[in-house]
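Heads up, there are several structures right after this.
You will see subunit A twice below: alongside subunit B first, and alongside subunit C after that.
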Partner chain A sequence: MLLALFHILIFPGMLFLGAYALVFSFIDRKLYARLQNRRGPRWYQPLADFLKLLGKETIIPEHADKRVFVFLPVMALAAVTAAYLYIPIWSSTSLYPFEGDLIVLLYLLTLPTLCFFLAGWYSTSVYATIGAVRALTQLFSYEVPLFMALLAPALLADSWSLSGMTAYYSTHPLYLLINIPAFLVAVIACQGKLERVPFDLPEAETELAGGTFVEYSGRLYAIFRMAIDCELVVVASLISAVFLPFYPAGAWAGFGVYILKTLVILFILALLRSIMARVRIEQMVAFCWKYLTPLALIQIIANLLLKGVLA
Partner chain B sequence: MSKITIPIGPQHPSLKEPGCFTITLEGEKVVNAVVGVGYNHRGLEKACEARTYIQDLYIIERVCGICSHTHSTAFCQAVEELAGVEIPRRAAYIRVIMAELERMHSHLLWLGVAAHEIGFDTLFMYSWRDREKVLDILAELGGNRVNYGINTLGGVRRDLEPQMADEIRAMLDIVEEQNKYYIQLALSETTLAARLSGIGKLSHEDALRLGAVGPVSRASNVDTDIRVIDKYAAYDEVPVTAITDDHCDVFGRAVVRVLEIMESIKMIRWSLDNLPDGELTAKMPRRIPEGEVFSRTEAPRGEDTHYVRANGTDKPDRVRVRAASEANWHSVKHMLEGDYLADVPIIIAAIDPCYSCTDRSIVLRSAAGERVWDWAALRRYGIEHYKKQGFDASKIKIAERKIIR
Partner chain C sequence: MAKNILERAVDWGRRKSPWIIHFNAGACNGCDIEVVDALTPRYDLERFGILQQGTPRHSDVLVCTGAVTLQTRDRLKQIYEQMPEPKFVVAVGTCACTGGIFDGCYCVSGGIDSVIPVDAYVPGCAARPEAIIDAVVKLLSALEAAQKAEPSEQ
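For the complex of A and B:
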């Protein structure tokens, strides 16, 4: 009981995830700045931003539903933190593995997006409402290719749990090369999940003045920002767990490799963010359904055929 | 889907100055757009009437922060023509060099703003980094990054040293190299092309009908470069090629601007090589003889016109400034309608709008119809308006306006 509480609250739960999210956010911002020929922030900038937001006045719109308005950021952060417990970090199994944890993970990762939508919807501001509608439209576009891309390796491994997949791929490491198209699809689609350029339409500062979060301020907004930063860590960890399941023996070595893998994923995400312009919502939908989904579908078919051949 | 109306402005992250665009949306499509400007009326023209010509120069220079040189050039030209003074050739060349440097920095600024509007911050950072190089040169030439104060009535205030010319040449090499990359980027980058082409359509006929000027009209294949059609300063000797494009959309406007930077680089190089020797200023009379003059220059944003009426004293009787954006506002409504909300900021940005430069006359609409107020009525209205807010301005004395006809 005490150990479980330690896992949930301190490591690898809230405290570690929060700290790592701030580090991640710093590295992301620094990389982005260096790619743009800027100097970038100092290492403590994300923490300073977070603390400053915590100290600011929280304003709740008069027409907003107060309880829902307060509940949504907490819900988003809770969902992300819960998801992190099911991702293997220092060894090939997560803390609480079970058959089907991959599905639960994907479900938990969808919750923040729904929270963003509801947050925008309950803010009753035109900017937030349009941002909310965009968030939902986007959800239906990237979620399908993202799910298919993450489930394709699972199909080949014949296991719906991350531990099972890791066990399979550690005995057949060459099969990982087959999953490269799915990896590409997942990396691009998760830009949509994380609402980053080119798919940062729900926030779109220059069009919607911040979109879904336009009415959020102070502590509630700080929690939302924290949830977004944590989501970046969780998604990067998930992609590295599915597509790069390498775990050397020993907890410390495993942990080091985990950090390295997630940083590689982060570098790819930062690179994608800095070389592209924001697309329009209909371009985003068309891109996801015309290119990403068929590519993910081809991957699934290829994996099914390969499975048949192997059997 | 029901229609919703969202205001973009007067305060909005995508607007650099106050302006209000009331956008009516059906889904994400714009069905109606109302352009509202006038939040930053500064009474520039009125202020000019109360000051001497040389004092006016400093007001006129501050009409616009970005195209300050072109405004003061237009004003100086008008006054010089009224006085019958011909400026020295060297001064005319220095005016051209400044004008083209200003065009370079303005277009690089636009490129950055446009990139930011479509969420492409990397290009924004790159182009502004290169703009700094141009600004450094401008600061060395004129003493300021903007508002260089190089123009004076009858010529220019500062000379261009040969060593300075070498510095400019070195800067031009760097910016040219970078700009070639931006041209390649503008023409080949897919997300950029996807975001810019086909939006903010303004056909050749519409550009003529709505009186668009500058890069906006040139992107619709209307050849309206004042440097070519009404040569001023040293543009009669400096080889100028007007850049036109037939895309008729935001993409075309971007192409025109990046190609114009290349043209400017060429022109500055040519002017530096052929800079004539001689005086910097011609003698100007203090009192300007009676008369009226209409002068125009090609600002980075388009045609810039100044009207000056003199009454024989050392103060002008009337100064009218029409900044380029004022001519382009009319086409914005036309360009916005039928496009997506996501494209609204970039379409507005594509005319490179200057809000404060354009805010001028006041027309009050009442139920009885339209009425233009004269100066006295306007002042009475102002006093009453502020009285309601607890501020009494009736004690402030201002000079009576003398109209000489």
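For the complex of A and C:
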């Protein structure tokens, strides 16, 4: 009981995830700035932003549903934190592994997007409503290739749990090379899940003035930002756990390799963010359905054929 | 009563992360270009934690340019009231400070401070980006002095 509470609240739950999310967000912003030839923010910038937002006045719009408006940021953060408990960090098994935790993880990661949609919808602001509708349209486009790309390696490994996949790929490390197309699809599609450039249409501050979060201020906005930063960490950890399942012996070495892997994924995500511009919503939908989904489908077929050949 | 550690942490956050929103109250666009210029990679305001936000709900500092025309007066007031407390206003350019050459014009109500309280004035026609950055940094150091002087909220 006490150990479970420790896992939920301190490590690897809320406290560690929050601290790592702030570090992650700083590295992301610094890389973005350096790639634009700027100096970039100072190392404590995400922490200062978070504390400042906590101390600001919280305004709830007159026509918004007050209970739902307050509940949604907490829900988004809770879903992301819960998802993090099922990701292996320092060894090949997560804290609470079971057959099918990959699927549960993917569904827990869908919850924040639904919270963003409802947040925009319940704000009763025109900008927020357009952002909310875009968030949902986007969800139907990137979710299918993302799920297929993350489930293709699981098909080959014949296991729906992250620990089972790790066990399979540590005995057959060369099969990881087959999953490279799925890795590319997952990295591009998760930019949509994380609402980052080129798929940051729901926020789109230059056209929608902040999109779904346009009416959120103070403490509630701080929680939403924290949920987004944590989501970045969780998605990077998930991609590294699925496509780079290397865990050396020993907890400390495993933890160091985990940090290194997630930072590599973060670098790729920051690179994608800084070299691209925002696309329009119909371009986004067309790209996901015309290119990403067929590529993920080909990956699944290839993995199934390979499995037949091997068996 | 001295401030406790939580209040001091929030004060520190306020000094290190001022998010701005830019509002044109009737400027000729000269100062607006300079404000945008200050946000470009060449001057890189993110060094000081300054980010431009699209909505007044997320912003701490309202950066205003131009003399206030009768058309924009109500909008300016509305935008100011939409910002959550604590909030600050910087008037950029001579017109924003006093009304400039438009002062006394039939359609102009004067400088920004004729409508909302202003915390920092940046004169110049147009104000240079360096001057705008200097004003924001001075505003933050004035804020630090004010935070040290004010008693605890409890």
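By definition in this document, the second predicted complex is superposed on the first by the 311 of 311 C-alpha atoms of A that agree within 3 Å, B and C clash if a C-alpha of one lies under 4 Å from a C-alpha of the other, contacts with A are read in each partner's own complex, and residues count from 1 in each chain.
Please note the rule applied: contacts are C-beta pairs under 8 Å (C-beta built on N, C-alpha and C of every residue); 3 or more make two chains touch, one makes a residue touch a chain.
The shown structure was predicted, so the numbers you read here are calculated from the model rather than taken from an experiment.
A.B. asks: Would you check which partner chain A:209 touches, where first means subunit B only, second means subunit C only, and both and neither mean what they say?
C.D. replies: both
A.B. asks: Between subunit B and subunit C, whom does A:45 touch in the aligned arrangement: first, second, both, or neither?
C.D. replies: second
A.B. asks: State whether A:55 touches subunit B only (first), subunit C only (second), both chains, or neither.
C.D. replies: Touch partner of A:55: subunit C, not subunit B.
A.B. asks: If you tally the residues of subunit A touched by each partner, is the higher count for subunit B or for subunit C?
C.D. replies: Tallying touched residues of subunit A, the top partner is C.
A.B. asks: Give one of first, second, both or neither to describe whether A:271 is in contact with subunit B, with subunit C, with both, or with none.
C.D. replies: Neither: A:271 stays clear of subunit B and subunit C.
A.B. asks: Just subunit B (first), just subunit C (second), both, or neither: which does A:36 touch?
C.D. replies: A:36 contacts both subunit B and subunit C.
A.B. asks: Kindly list the residues of subunit A that each of subunit B and subunit C touches, one partner per complex.
C.D. replies: The overlap between the subunit B and subunit C interfaces on subunit A comprises residues 36-38, 127, 205-206, 209-210.
A.B. asks: What residues on subunit A touch subunit C, complex-wise?
C.D. replies: Those residues of subunit A that touch subunit C are 29, 33, 36-42, 44-45, 47-59, 127, 205-206, 208-210, 213-218, 221.
A.B. asks: Where on subunit B does subunit A make contact in their complex?
C.D. replies: Per the stated touch rule, the residues are 4-6, 12-14, 25, 28, 115-123, 125-126, 129, 189, 191-192, 194-195, 340-345.
A.B. asks: Help me check something: in the complex, which residues belonging to subunit C touch subunit A?
C.D. replies: 9-14, 16-17, 41, 44, 46-47, 49, 53-55, 57-58, 60, 82, 84-86
A.B. asks: Looking at the complex, which residues from subunit A come into contact with subunit B?
C.D. replies: 35-38, 126-127, 129-130, 197-198, 200-201, 204-207, 209-210, 274-283
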